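Two complexes come next, and they have one chain in common, subunit A, joined by subunit B in the first and subunit C in the second.
Presenting the complex of A and B:
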């Protein structure tokens, strides 16, 4: 048996109780949900893509090339077979060979395995500003000769690179989800907080309004509001207008959560104690009540993001949300609306895959967060 | 029961009033009024504008007067004459345009609700009884995917798959020759052979949700002592499950129609656009893009009214099957 040796000072000091912060406890519980942890990493990865869009996208999302309309995805291959039959490491894409489809009377592209276009990582590029701030002149990948085709995920109607557009669309779609939830959260906390803390007629009025809004079909309403947007608004204006329109309906769920929390906490002993101590309402709310349910609010907000992303995608898909020069998953999917187009270029559905993955990941992550935030769970 | 119905009816009238207010607000939202747009289109088409006709319209809708007056003229027109105003794009009264399409919407959504229940009920019972079996996991995974794929994406995918693998395009509700025919057996068959796709697409998300709720409810019920009692008395297993716990577990499920319906109406708009169905959805989209606001307002209002009435029906249904609600909410 090992005998622990203590220095006199340590032996004299009273044993410090092990304390862990609320956040650490939550994190520990959260880590037990494997699916939630994996989802967290997926979500983080998507937001990183959104943050470094300019660096990751091989080309400008608006750059078009009439030569390569609906060019199929090239993919990236990493090994080439040399003359002697041995394989060597050389990241590359294959060139295209164009063929004329006699039946449909149009040009189609076929991947030409003979033609090898080397791909460079950290390739030099035209100087640009990352997120509009940091000047850079290196991109994650690129081809040596700018005239060579480089369509990892294929091209669209105008020969624009789908991968680059997808990456830039990620930035818009994910940020509009965050911004919409942020705004909803603001409305939700202010309105729901007032209703829950003071109760009375204001509470019942707010609850009736929330019930009313939730009993309406949202898409027709959103469409009606979005259609009122003047057509000549610029990108930034439409972006914010859409965010506001989405949160006009989105605040209700969060307000309900906040109100519920306030109602249940209002009668807790520690709140009564603070009231008897003569603390002001403001102090009670900000110092005593809010910290005890922040985690719940964060979980509820996370679970609200997928709805926002879906709503933006649906609106833009229908043509009443964000408009053409802005690239979002919804505007990208607009190109895939036509069955003929879809049959020629099924890769245009790629933004849809992103939507599904992100929605699933955010849902699992939010569920895990909610379970972890609930101290009575399990 | 009468008192309950009366309460609900009063609440519904208030809600409908609020719906009409929202619809009217949307009509008023775009800059400029309907008359100016109307005159502009007429002038653009090179037609002569009769000042007397314009004046008559101005009188009828109260343009230039306060919003309250305009709202009053609009709503009394709807309530007394069933007049929803004029569609300037189609140059026809709104009422002649929407009823047929609205009927299609109701038909599709009704079918979707039925299909949802038909699929969700057996699967929900199965996964609750065989908890943690392979089938349970499969249903859970399928349910999550069903929830995560947006409806319109599902429609696109279905369209693509049927085009690539079967060489057919799905879309529309009728073949051209049955478009305006009267209902008959061949027309019904034609309708069903078109409608399965949109109904299936509309039903997926709701089905997944219903299965989840039914599973949770039923799991709670199956633990209760009365189930053990029934089993101990020697009832066959199917009777033990179907006769008592399933019936109790169904009650909360009926109440889900209340929030299922808005979502369903919502998604039917976008699915109809994708699959090119003659329902209210594409008409709404078109009227909104061309700023044909009386038409758009009427559709938004009627979709809202439909949803509210549907919710009321589900509430009454719930009160009818569950006495606790009938007597509890005095």
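Presenting the complex of A and C:
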């Protein structure tokens, strides 16, 4: 009897992992998407900033100084000209000179190139705990004399350092995006999974509920829910409450994705085969179905993060989300609400720039992931 | 010979469409089917697409619930298990004895699992063995179907269609089944590969003492592998007969029509022989009154349009047909029973 065997080439193929797992293939396709790769690095950079906020921020986000309200950005210079005319390496910022604008009767700050304030890297600082855990007493940069002004990105209305506030705001805004998506993902997978796997009336009921939720205008709904939040809740409670409010809408999209995947997989032969093996529903779902769409779920979840971040920013901007003293991009942008402030202190729009960059990067990254996960689904 | 499986008055009705307030339309996919499978035989179920042969296979193995009727499995002499009344948990032990080979080897293997895990999965589900023993058993089963042991780390996409179907067969056989339902097991393969897989199935049958229900639309394949053939049309059994008898002298006009459509590998005799199948299969939801086949039958009489013929033994032989004129019609068999091309 002729038995078909592997061709010589196949048999010779190295016995080492010939496997190209789903994830590997996906990563390979992803790398061809240059914009997505760049975006991935941007996103990683932002999340690193969020993770090491205390180390990166030069000063405490709440530290104010009445002497330097609306001080403009100093920027960092690296070389100073010595008296002999030669240049030497010395990171520094310039001090301020205050001028009075006679016409507007307003005091303004002007950078004074003469005054040089040396900047130290890995400067000693008040002991703090990184991410609330690791005790440290060094910051990325600082000035020797704590009384010297150090406003790389400028100062706000109360003379607080915008860069430090931006860094701490990054932590809150990005983590609320992640937490919100995490929560949405949990509800989405459980509810969508049940609907897709069992189908029938439960599926129809869930789909109608999702359609109902999605037909509600989101901003008024959020406003209502946020307004119902007790005012005396502390920062952590508000943070979690806002996360939950955002996920209330967010889960619907993910539930639909999961349900769709379950529906299409349920009729696949290999799922029937597993059923005929006598495998339990749980085993079929976790071993046979979920692994074949984890990549899609990751992509869908990534695409859901920007929505969360935008929603939090919008709510906080309107004053209904997070409240001071919590620092997020939304609460920071509250300072940039009127045109006069913008005219005199345009650097207060920096959080807006961050929002745009992160949202774009996350979207490109998510698009790349989705295309990589499902090359035929474009 | 002992009966291994019996099906009594099985019907399957699908409900199409329908909404909250209006009832759906009913589509009868299987209509009062009874059959028995003897231990050790190969029963082929043939018919055009849409005749219900796949549905029958899936109903027997309980991949789909039946609407009416019973399926009995006879594990030992005298013992009788009604599969149709068992729930998921209760049927699990019998899933070891009755296994299925799927038509499409591309979709019936989970693309995310390696060959080893694919074949080991049934053993794990039934907690039969683990560790070293599991490994040995998987590798020896794969060896029997001709997949070398060094391929166990690969994913299904690294194999050709024929190899994948072998893996599917290994999955079915790893539990030491008694009955294997092969649903178009070779239809998706190239002709040359078909021959290899058919030979493999034949060898395995002898080695393990298997019983096959072989679902196919290819009479050439059926002639090669089957002991007995059941011809289905529109969800009805129209004829059952030992293979040779059917090919020699069919008793139902539909069987004749199918046999006529067999290609003959001899140009000198081909002329005028190759009549194509007449007419279209009527839509299932809109079945004819009387004999289901009368719309396409060249011998149809008034009686056929009015009265539905029952399946009955012809002249006291093992051949059964559902035709009013089974005894009198002179139906042609295959011009000459196709030779065992693959032998």
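Following the convention adopted for this analysis, the second predicted complex is superposed on the first by the 357 of 378 C-alpha atoms of A that agree within 3 Å, B and C clash if a C-alpha of one lies under 4 Å from a C-alpha of the other, contacts with A are read in each partner's own complex, and residues count from 1 in each chain.
The working rule: a contact is a pair of C-beta atoms (placed from the backbone, for glycine too) under 8 Å apart; a residue touches a chain by one contact, two chains touch by 3 or more.
Predicted model, so just to flag it, every value in this text is computed and none were measured.
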Inset, instruction - Once the structures are superposed on A, label A:279 by its partner contacts, choosing first (subunit B), second (subunit C), both or neither. - result: second
Inset, instruction - Please work out whether A:288 is in contact with subunit B alone, subunit C alone, both, or neither, and reply first, second, both or neither. - result: second
Inset, instruction - Check the residue A:141 against both partner chains and state whether it touches subunit B (first), subunit C (second), both, or neither. - result: neither
Inset, instruction - Could you tell me if A:227 is touching subunit B, subunit C, both of them or neither one (first, second, both, neither)? - result: first
Inset, instruction - For A:269, decide between first (touching subunit B), second (touching subunit C), both and neither. - result: second
Inset, instruction - For A:339, decide between first (touching subunit B), second (touching subunit C), both and neither. - result: first
Legend entry - Partner chain(s) touched by A:245 [first = subunit B, second = subunit C, both, neither]: neither
Inset, instruction - Answer with first, second, both or neither: which of subunit B and subunit C does A:349 touch in the superposed model? - result: first
Legend entry - Overlapping contact positions on subunit A, where the subunit C interface meets the subunit B interface: none
Legend entry - Interface residues, subunit B side, partner subunit A - complex: 15, 18-19, 22, 26, 29-31, 144-145, 147-150, 152-153, 156-157, 159-160, 163-164, 169, 171, 258-259, 261-267, 269-270, 273-274, 284-285, 288-289, 291, 296-297, 299-300, 303-304, 307-308, 311
Legend entry - Of all residues in subunit A, those that touch subunit C in their complex: 1-6, 10-11, 15, 17-22, 268-270, 272-279, 283, 287-288, 291-292
Inset, instruction - Give every residue of subunit A touching subunit B within the complex, in rising order. - result: 212, 214-221, 223-225, 227-228, 230, 310, 313-314, 317-320, 333, 336-337, 339, 342-343, 346, 349, 352, 355-356, 359-360, 363
Legend entry - subunit A partner contacts - residues on subunit C that touch it in the complex: 61, 63, 91-92, 95-96, 99-100, 102-104, 107-114, 121-122, 125-126, 146, 148, 150-151, 153-155, 158, 160, 162-163, 166, 171, 193, 195-196, 199-200, 203
